[in-house]
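First chain A sits with chain B, and in the next complex the same chain sits with chain C.
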Partner chain A sequence: MPAYLLEIFVVLLGLAMLGMEAFAGRGSRATIGLVGVAGLGLTFALLLFAVCCPEEGLSYWGIYHFDRPAAFYKGIALLSTMLVLVMAREFAPVLKRYTSQAEAHAGLGEFYSLPVFVCAGLMWMASAKDLITIFVSLEVVTMGFYVLVAYMRRNVGSLEAGVKYLILGALSTGFLVYGIAWVYGVTGEFELAAIGEVLAGGAYSERAALFAFALVAVGLGFKIAAVPFQIWVPDVYQGAPMPVTAFLSVGSKAAGFIVLLRVAEPFLGAPAINGPVVLLLAVLTCATLIYGNLGAIPQTNVKRLLAYSSIAHAGFLLMALPSVAGGGEIAGPGGGQAISFYLAGYLLMTLLCFTVLTVVRAGTGAEDLGGLAGLAKRSPLLAFAMLVGVASLAGVPLTVGFFGKFFLFNIAVQEAMRSGLWIVVSVAVLGAAAGFYYYFKIIRAMYWDDAGADGDPGGDAALQLGGLTRVAVVLLVLAVLFFGIYPAPILGLLG
Partner chain B sequence: MTLLLIIFLPIIAAAAIGLGAPARLAALLASGANLFLGLVVALVVALKGDGEMHFESARQLLDSPELTLGFGVDGISATLVLLTVIVTFCAVLVSPARVAGRGEGLYYISSLLIAAGALGAFCATDLFFFYAFHELALIPTFLMIGLHGHGRDRVATAWKITIYLGAGSLVLLAGLIALYASLSPAGGATFDIAKLTELAAGGEVEPGVQAWIFLVLLIGFGTLVSLFPFHSWAAPAYAAAPTPVAMLHAGVLKKFGLYGMMRVAFPMLPEGFREPLWAGGWTPEDILLVLLLGNILYVGLVTISQRYLDRMLGASSVMHMGYAFLGIACLNAAGWGGAVFMMFAHGISIALLFALCGALRGRLDTLEMSRLGGLGARVPVTATLFAFAAFASLGLPGFANFASEITIFFAAFEGALGGDAAGLGGLQVATVLALWGVVISAVYMLRAYRNIFQGELGGDRRPDEVSPLERGVAVLMIAVLLLTGFFPNLILNLVGPALGLPH
Partner chain C sequence: MLFYIFSGVMLLFAGLVVVNRNPVSSALSLVVSFLGLAALFVTLNAYFIGVIQVLVYTGAVMVLFLFIIMLLDIKAERRRDINYLALGGGAVVLLALVVQLATAVGSLGAGPEKLSPLPDDPAAHQDVRQVGLAIFTDYNFHLQLLGVLLLIATVGVVVLSRRQADDVAGGR
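Then we have the complex of A and B:
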């Protein structure tokens, strides 16, 4: 079956869920989220067994490409959306409070179906190899997020986040479009492969090409939360509903990096402008690593802490970008593989953390570190799950996060041995060391601190978590540990 | 299979405790079985005596880069495995049967995971897992010091050790990546330690590059061993840590860095140690000799000035690492044999001292030595055991520590006093200076003993004697120290065949 049917299926699923909200009876409305999870699961199965993976890349109408990396990113999009829907179900009581609906689960249909549309956009983006398709699919994703971020309309924080995300998102879109126009002006092409040929050929204005790349980098810098385009991240992460924050940090970042990988490749592969592009990326990398890791240190709100950590992770991922076009000179996985692996691992560990936080938020109403205090006592399973997730984010060995970080450092060190830019590695080492502090702050809160010292709303009461959530948490923990010892399946998918 | 069992028994036991098994029983069973298996492994390796890897098992996880979950032991690692299983068993035995507050399970899980991490690192034949297993101890240490640690500044101490060791590990990681990437042939990246060592012998990497990678590895491994000036995490952490963690960390885990120098840095960078970092400049050898004197003399003086017993023991353990580095710096079979022997002897003796220190802590209101005194009359058995431990630590003849230190000192002068290349170099000068460390050790250990157990009774303290269990543990460790002290060849013959030196 042709791969593009998957996107069509997902869009139809989203429409069906909207239709359920409008026409179905009260009882069946509560199952909208479940329908979404099941539908996406079915799509995932289709992707694995019916579509995946052709020997060589397929191309439809010149705008839709399907190969192993595309399948990989489609899988990432489907899995993360499924988990976000599971989280959204846990989060429904909180949402209800801030949307003032009359009955449980009513009026939340959009909250379940919008992630599905975003998912369709993400999947399409994985197959886009020309600038126009990339731009349109990226906007499909961003539009969905504009609504989702501001969904808790009676919550000032959520509204503030929505406004900030909308304005800065629109601004970054402007930069991106302008950059694309310049790329077209310099090369006369929209196809990335053709752009690469023109740039490698050498008959163009280098200064204009660099300007075009800088504009595109600004636009995408917003999406991946690279410094200095990160201003929106902490506030939006903090204000958005918890499942949306999780989706933003995984989906939006993955989207940004897929595009950045594709767009940067022709520029990095052009000998005439490779030097300045690498230098520009090195500056971005260092600034992002320093800002993200240092900014996370004093945070007490967990969402805000993870927002800064998300910036820091963008910095680590950027380290591997210069080697994307190198090809074969790196001992170990190359840039594209390493970044894809890291994103897959990042998905697992970030969603694990956010699932736990969603349960805690729904149970205690707290989003700061105090809400996690004594979690080891209230729910050993959740505390252990969070411990694994946080350890993986910090890059403790024998978790998937360590493998990811290892591959990235592997590339960064080898790049430095070639180019002499040891400053990037040094900053990354210091940043990762700082990471031990702020991630372990979460561990400390869960295991050392006592809950309920000063009228904590949750107290020592055990936290409730639904059956589906429990399964998701256990599976995620096992996956983080399993891929931390045996990464071959993920690397195998990447080819 | 035997090795896999040794490494994974503690992990399985930890998982079982997490799922609700009785904590102390499971930990005792696992560490007891491990003690037996460790003895068997050491015995087999000693009997074979051929310097090869034994008990090998390997499962390839990735083709490119070649990544293998592989384990094996030769004489060096067998000695360290033996050390680990002995100390782990003793640490579990002296752990309290009831843990105050919450988290009895966590208490034993942490000890077991630290032990498993050390065992995995010592047995790994793959550079990646060699590194990864060591880090297994990071979170348990952090939790244990924070949850069950002693002293007011235990929180600050927990942060300090975590960040310090985390940063040191990352520096080490950067060095290891540079190492494997420069050694691997194009398209055939591998983490296999044996293959990398073989590639290194080919001499493809320029000596100047080797020297710089060596320096990075020295800083990384050095931080983990508390090499001066990267040592300031160690003494407070050991003082604040619960007894089993202090025993395992100071006794076993710290040896990882030394082991790494012997297993990775020297064999894979054969010319890096004595190559100037820049033209006419310092070599890593010069730097190491200066730093290890910092350990022995500077930290030695710091140890003398400590007022609390636990702090003093922590600082003394930092100081003794200088001797182990000296043995490694000799770069001959005798020196390396002495260094491994020293790691074994020091590991047992410092674990013994921390076990006794923990016993005293539970029975006294303070460990400030000047406020104690005359306890020998109240608790003669404890005093005697402590005297043995102190004598072992300061290197009294008859104990393993003496045999290992004297081996190292002699090794440093090998070839320097006669033969073709006779002449005193930096190594010999450093050794002469390092000899003063023996005096320093005697000063602080004997002063500590006098202040605590002899003289006037300080205050009206009537502590209990150590329990029969603690007595048994102490006697066991003293017996090991005396046995290997009188028959050093038990260890030296085990280590000897494995010392394939780079020169």
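Then we have the complex of A and C:
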């Protein structure tokens, strides 16, 4: 089965869900979310068993490429969308309050089907190897997010987040297009492989090439939330509906990093401009690590805390980027593999945290640390799941987050030996240490703080957990722990 | 000669957009500025872009602007105190951008190779035909992606502008 059918299948699934919302009776509307989860699961199975993985990369029409990394990122897109839909079902009561539809589940069909279209965009992006396809699929993804962020339109926070995201997103898109135009002007090519050849050849203006890379880096810096392009992150994360925040932090970040990996490779591979590009990335990395980790410390809103943590994680990921072009031998997994592994682990742990938070939010209406107080007594399963997720985000051994950080640091140290930029590694070590402090604040709130102290509204009631959500939480916990002990399967997928 | 006339008109009216206090006059100045741009495209033999410029920007976008201005009934803007700090900051950023652009453009030698001159074949100058061919053959895949993008945008507009349940007494 040709790989491009996967996306077509996903788009058709989205259309079918829209159709159900429009034409199906009241009773079956409640199942739209389930249909989405099932359809995406089926697509994931097709990806694993019917499509994956050709020995060498396939290419259709010279536009759509399918190789191991593409399959891996398609898998990430499908899995995260599935979990987001599970979360969205749990979040439906909150959403309903702020969209004010007459009946339960009415008007939620769009909330379930938009992530499916975004997923198709993410999957196309994983297969894109020329700037035009990358740009178009990136816009498909971003357009979906604009709508999703502002979905709770009767909530001022959500609207504010939507407007901020729209304006800053449009601005970053402008930078990206301008950068792409400069890249084309310098090299005369849109294909990344051809761009790499021209840049390695040396017959071009170095200054113009660097200007082009800087513009592209600004545009993509917005998407991955690197400092100094991070201003939107805390407000948008806090204002957006919880499942959308989770999707943003996983989907949008993964998308930004695939594109950055692909686009940075030709520039890093060109000997003439490698030095300045590495320096630029090092400055971005340091700023991102410092801002993200220090900014997270005083936060009391959990979503805001996770927003800063997401900035910090972008910093850790950026650390490995300079080694992508393969300058010199690297022991252990290479730069691209380490980043992909970290993103896969990040998907598991972030979605785990957000699933728990979604349940807490829907149950108690609280989003700050106080809402988590005494969670261990109210719902031991949720508290344990959150404990695993947060520990993994901090990078405690025996969780997948530990191996992710381990591989990234491994690369960063070897990269520093080559380039002499040891400051990046030391900042990252400090950042990881600071991470323990604010992540453990969440654990302290759950296990040691007393729920009754601040008069929590639904303090004593046990939280309701849907069956599908329970399965998802348990599976995520097991996955985080399993890959934290035995990461070989993910590395095997990466080849 | 025509180039200077049209760019003069363009710049003059672009300035008027900023200077005018009445939003409707500003919008109409912008229309004239866009027309000047379209005329510039036509003098470059880029008829297709010229026509698109008139149809899309001058026609659709600006009419939309005017509609919004009239619907919202915006009165002439009050004269505000000028924030010199912001003005200075903006000027510095502008200057930095211009200097950077100038150095980047100045250091550009000839590209890797010269563009081949356009063939004299009149069929090759049918730019609408060429644009159509490019979009529907080479970039057909991207066109399909844009279809999905437009679908998302449409759904989004419906979602975000749907009337509240309490307004819709008789159901949707």
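In this section, the second predicted complex is superposed on the first by the 493 of 495 C-alpha atoms of A that agree within 3 Å, B and C clash if a C-alpha of one lies under 4 Å from a C-alpha of the other, contacts with A are read in each partner's own complex, and residues count from 1 in each chain.
Heads up, the rule we're going with is that contacts are C-beta pairs under 8 Å (C-beta built on N, C-alpha and C of every residue); 3 or more make two chains touch, one makes a residue touch a chain.
A quick note: this is a predicted structure, and the numbers were derived from the prediction, not measured.
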{"item": "Chain B versus chain C as contact partner of A:Gly57, first or second or both or neither", "value": "neither"}
{"item": "Touched partner set for A:Gly157, first chain B, second chain C, both or neither", "value": "neither"}
{"item": "Contacts of A:Met143 with chain B and chain C, given as first, second, both or neither", "value": "second"}
{"item": "Partner chain(s) touched by A:Ile485 [first = chain B, second = chain C, both, neither]", "value": "first"}
{"item": "Chain B versus chain C as contact partner of A:Pro276, first or second or both or neither", "value": "neither"}
{"item": "Shared chain A surface residues [contacts with chain B and with chain C]", "value": "none"}
{"item": "Touching residues on chain C, where the partner in the complex is chain A", "value": "100, 103-104, 107-109, 111-113, 139, 141-142, 145-146, 148-149, 151-153, 155-156, 158-160, 162, 164-166, 168, 171"}
{"item": "Chain B to chain A touching residues, read off their complex", "value": "18, 61-62, 64-65, 69, 102-103, 106, 128, 131-136, 138-139, 142-143, 146-147, 155, 159, 162-163, 166-167, 170-171, 173-174, 177-178, 180-182, 184, 187, 189"}
{"item": "Interface residues, chain A side, partner chain B - complex", "value": "328, 331-333, 376-377, 384, 387, 391, 396-398, 402, 406, 409-410, 413-414, 417, 425, 429-430, 432-434, 436-437, 440, 443-444, 447-448, 485-488, 491"}
{"item": "Complex contact set, residues of chain A against chain C", "value": "11, 18, 61, 63-64, 100-102, 107, 110-111, 113-114, 117-118, 120-121, 124, 132-133, 136-137, 139-140, 143-144, 146-147, 150-151, 153-154, 185-188, 198, 203-205, 207-208, 211"}
